[in-house]
């Protein structure tokens, strides 16, 4: 664990020099709609380094769409998204990845035919350089690069405790493990922001606890900022630093878990009367 | 480039004007393409199978009709004094029923086991099927084309401004009627069942949809449509000598139609077929320029296809693949 | 479920192509086998030393190389193309233009070390040129766009007489000879008989060696490509394109690269095929060639390099083997003695009056002629094969291997 | 594109298709009885080791268990979808409404009144919401009945009503879950089996779904509820079963289970004292304890 | 190949079992001088004095586009040789034909050639022109004889026919014969001509002939679709049909495949075209006039054809004899003249082998030399006699075996293949006058 963090922090330091921006991510009043549907309707918020920021809201409120907007998979019609002070608008998704935004998906989106190792190595794609000719010839640079990155990936595999699955095609792995691999693939990108879309959905208590532990470790030890979308209030209210509540694409509350939890609108739109059940 | 077809003399116009001739030819080609395309689409729509054996199946159907109507003379032999067209229609109906059964059989034996495999693994199976059927059928057909034995012979409507063979008139009518009926059929409960099945067999079965039935029906329809197409291909004036060893390849010409219309859209199949037919006929009438060389009209459908896909990557009516995370 | 743990002290060794001793040994043995084949000294397979079989093996290499290209595009990047034959044609005619001796048709008479790479490069360039269109459309639609390419290509080839010799006529292609420049006698000549290092070799044997070497080189390139950054990018696009983009893979860019690489292989394959056959007519770069290549890839097991070569062996040799078997049977039946003959006679007809699905008298007796029957059998074998092993030959190989080590695959 | 080899649906030449359905009426109120069921995948992986369970015609029964316990497999056995996954029932019997359905065709079972909400939604992504529901109503030929069912679903899930003509694939995760439930309701079944219906649903909606289940049950549909969210399940169930690696390790009246210490700790995540513990505490200690099974 | 060399000959007469023959590529560098039927016979490949067999290879299209036709031709070979062998073969040596399938595909053709060249003494036929050209260099390198199974005029051109034997009237001169005949018959009724053709030697050789004929006869070419037909491409067929109809030519001369011909014919008919039709022989198929064929009367009324070889029921000794043999062999389903093509090829090969035997050199090279020295191969009306000595102009075959028109009744009655013979062994004046120095259309490269 310690090994990962130290190395990773060092790599990050090398890549992105000293900090000269006020917010890591600054979402400014974005509007996104699909024929008819207003998926995101004027949402603004900021996320700072190392923060664990949660987004909750009813189904179809626009949480995933918000992620997709930040990734530029969807292109909001209005508003702006600043990453370290620079706008992300109009970039291609793969560029946002290079800039340091990593992501896991609501419905697992791993590469089922590839092994755990390969999946996580693809995460390293943005951090590698060698082209196809060098690769095909397996010459010096490409080769050494492959090996270096293999080491990095191994350290992530250790961290997530999935050594035993290393060489299995992920398609064959249990749901819970796949969720972990997905986290691993995201971490492999050396991100500064990690967006988790319902990381514990469909997990039993034990797996939820494991996942929670990894999330917290990522935050504390790797100092990666996290945006968490999750319907498990037990988890969110427990580990989030700040919470944003969406409803029908609109922002109905932001603040500390406790405040949000108490907010009548939130209860009405989302939590429902009997909170303790969650 | 070698000099292509050039009309050297002043034009001696016979039979109708160039334009109407072109239109008739286009419609008659187009409806055949439509029949082939729709059959192909139905099978794809319901079973996710790209049926490369479609042409071979068509040839088989054509041969069956030929043998019923001429060689075996069924049911003609039992109704000696019925009018020619009655016994011919009889033969056709019998052949169609037989082909429906054969279609089901093929699906059951060769494709059912492949359910759920990779699209293209299945495609290769149908390719194997094509090789098998084509060789067997061609051996039956033999070196001599087999005429359809239809009662229309060379009869022609001469309306002055256009001459159209009875066979072509019939063909256009029948084809449009058939594909129309099919299109309606697909609005039905069965239609949805087919789409559901194609998308997710397990989920479909969970809804009580009998996937096996869906597959059988779609293959039956596919085979029948292919046969109808084969009949009209193998008649005067297109192939007056009848179904021969080349008939099986005709189906390839329907591919651009399928794509232009959209792989999984029946309406698309129809529209695509007509577009391609007309385009081809128009091209061969108006684009016989020397510098274009030989066979330019033949690739016009493909050029059209490329154009359409540039504007609409899923054809005119195709449903687009869901891309979401 | 767990695989037997393999201990590696260094990741490098784990990542090496031949990461186990057994693999290394097998490879060595295999190479020795390849070298010995034409000498006809290996008992059991000495018949392979016949010119005809050597030619078939050479074809295996050629189709294998072309198929490796499609395997990159379809197997790795998941983009199905029916246009491979077109790019093979482009390669072939590039080779002809540059390599063929000046004559009635375009030809500059340049040596192989120019025309062969050029064949690949020109094909690749065209591949990348059509790429942008191809990148827009997905799945089957792509398959058919590329099909269109084949037909348009055939049209161009048919009409570009000065280069292709014209429809139904065709032209000759540069032979497999190595010249430094345009000198009279080639430095090395891979087509005519003669001794090499004192060993008397037929031209077929030399061609075989040359092509085998090419095949091996391209196999290695493919394997490396597959296990490195770009190869993984391809696979990620294949498995989940949207996710791949979000994970930093530039979809459009890598699809283009895939197209380029695949077309390059195709170009080389086409050039070698044309040169090997000596004369091709424009109609031959058609859908059926493409389909044959796809069959090779899928039968071998999409995305698997070694599988592709196996697929090539299967598709090229099977018809010949089927043929030998049926002829053997027919012979026995005509002899008409023994139980085999008796049973066989039920299937094989030997005259007009005799019944049977297959007949020994072409076009006369009822039933299929033996060549037709072979075609049918070939089709059936492909079907049955895919029904029972949808993952292709590689699937069988996995079975065998998993039988030895408890790999998770249990389909 | 089609499903990959990983989902290989090895549905060989219609494995079990015959076995005529006996038509005798059933007297007692046992809707579903599963007896000593054993299921094997690919002839090797023994996943269900002789489980038995019962659902009475007016009951809500909860089936709980860790991942990989065999809950979904049980459901597949009951609804007849094992063959697709190359699974076989090697032992035991499944009776529904007094008749043996162990081997009959899934579509027949649906016709008999068994509906399911499949794990992982499995909606028809390319069809729009309405067509998904129509597909759900396949067995139900009576037009007006279908219309009523449709209206009822729309009433239950207003969100779906808003998105009626949207392509299902573009719905949000939760919306898709609603659609999956709605689709099952279109068959107005005698027995409804839900596999993790609360997955990905917002708390408020979880409560709604819970109420819906209760409502459906009131209207006379027996319910078998497979859940990770044990507290939710047990809060409405009459009876509960708990599975571990293919065995029933515990079953009883819901109230009783709710009070059980182990259940509290492992499924409700409560301290023996009863209040929830923070993830920050469980962090870094991992439990490997299991029921002896 | 290992021992295809022209002057290599082996002691042990080689078994045709290739396995052996290949594993022993090096043994085999002395001439054998076994006492054959007549004095000393030198042999290398394909003649086995021990077993007493001569093996002749056939590169036949048995599964491709022309399979059904070629199968019949192969049968012709087999029946012919059966009879020869029955009568003592060639000096006691039995002749065995070995047909292999080329699928009408050049690569396969080459592959098959490679397989056979070490088993056979010569090739009884080689199907297809580009295919034959594809192996021509090899033939010359290996010094093996082959009879092309096409009627390309180039086979009579010594620029390329060093190892090939032509037979029958070439497409080019065929056009002259039939068009000349029609002119004589129709007189002023024939002023204008429309010409359309397939690409390749077949279409273009015939096309050139038609153009030359038109010049010679002063016909106006009102439509010309040079290599405008692609049977696989419906559009080209419509295009040509339209062209013919609009040209309103008195004679439509269309050289293509039967399928394409019937389509063009039908389409033109539907548009009311009423001219006369003809084309190179292979454009016709008896099915056109089958009892159920809708066009049988139209075809019978308006088409005329020339034949390369004798027609079923024609009363020339050659045909009569062949017909007898075929019917006796019990291998004839329906009467088809194509069997005679097999006979013609076989008889020419027979002559060559006899000559080689007489020369005492039955090596591949010996047979080739013998064949090229044949002054007259008499076919007694099974086809016009052939000669292989002298300049192109002397060698080339000018005579059509027959000029004929389709006859549905005769076909229906089954007594003939439905061919009403109008002339036999026919050479038109313009053909006679034509100076043949090189292929009408050159198939180079």
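Letters A, B, C, D and E name the chains as they come in the text, with residue numbers starting at 1 for each one.
Operating definition for what follows: a residue touches a chain if its C-beta (ideal position, glycine included) is under 8 Å from a C-beta of that chain, and two chains touch if they have at least 3 such contacts.
Note that the structure is predicted; figures quoted are calculated from it, not measured.
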To get from subunit A to subunit E along touching chains, fewest steps? 2
Quick check for the class: compute each chain's Cα centroid; which one is farthest from the centroid of subunit A? E
Contact-count maximum falls on chain pair B-E
So the chain most remote from subunit C by C-alpha centre is D
Chain whose Cα centroid lies nearest the overall Cα centroid: C
So, in whole Å, the Cα centroid of subunit C is separated from that of subunit D by 49
So, what's the distance in Å between the C-alpha centres of subunit B and subunit A? 51
From the mean C-alpha coordinate of subunit A to that of subunit D, what's the distance rounded to whole Å? 31
Subunit D and subunit E, separation of their C-alpha mean positions in angstrom: 74
Junction residues of subunit E, two or more chains touched: 63, 68, 72, 199, 227, 230
Flagged in subunit C as touching 2+ other chains are 139, 158, 166-167, 242-243, 246, 363, 369, 372, 375, 390
In subunit D, which residues are in touch with two or more of the other chains? 1, 4-5, 8, 10, 170
For subunit D, which residues are in contact with subunit B within the complex? 1-5, 7-14, 17, 79-81, 84, 105-107, 109-111, 116, 118, 122-127, 131, 134-136, 138-139, 141, 167, 169-170, 183, 187
In their shared complex, subunit E is touched by residues of subunit B numbered 2-9, 11-16, 18, 21, 25, 29, 69-70, 135, 142-147, 149-150, 152-154, 156, 158, 163-165, 168, 235-242, 244-246, 249-250, 253, 280-281, 283-285, 288, 294-295, 297-298, 300
Enumerate the contact residues on subunit C facing subunit E in the complex. 40, 46-47, 49-52, 55-56, 59, 103-105, 158, 165-172, 193, 200, 202-204, 273, 277-281, 284, 351-353, 361-364, 369-372, 374-375
Considering only the defined contacts, which subunit B positions touch subunit D in the complex? 48, 108, 112-113, 115-119, 122, 189, 192-193, 195-196, 199-210, 212, 319, 321-322, 324
Subunit C - residues contacting subunit B, complex: 74, 80, 133, 136-141, 144-145, 147-148, 151-152, 155, 158-161, 166-167, 241-243, 246, 287, 291, 294-295, 298-299, 302, 363, 367-369, 372-373, 375-376, 378-383, 386-387, 390, 392
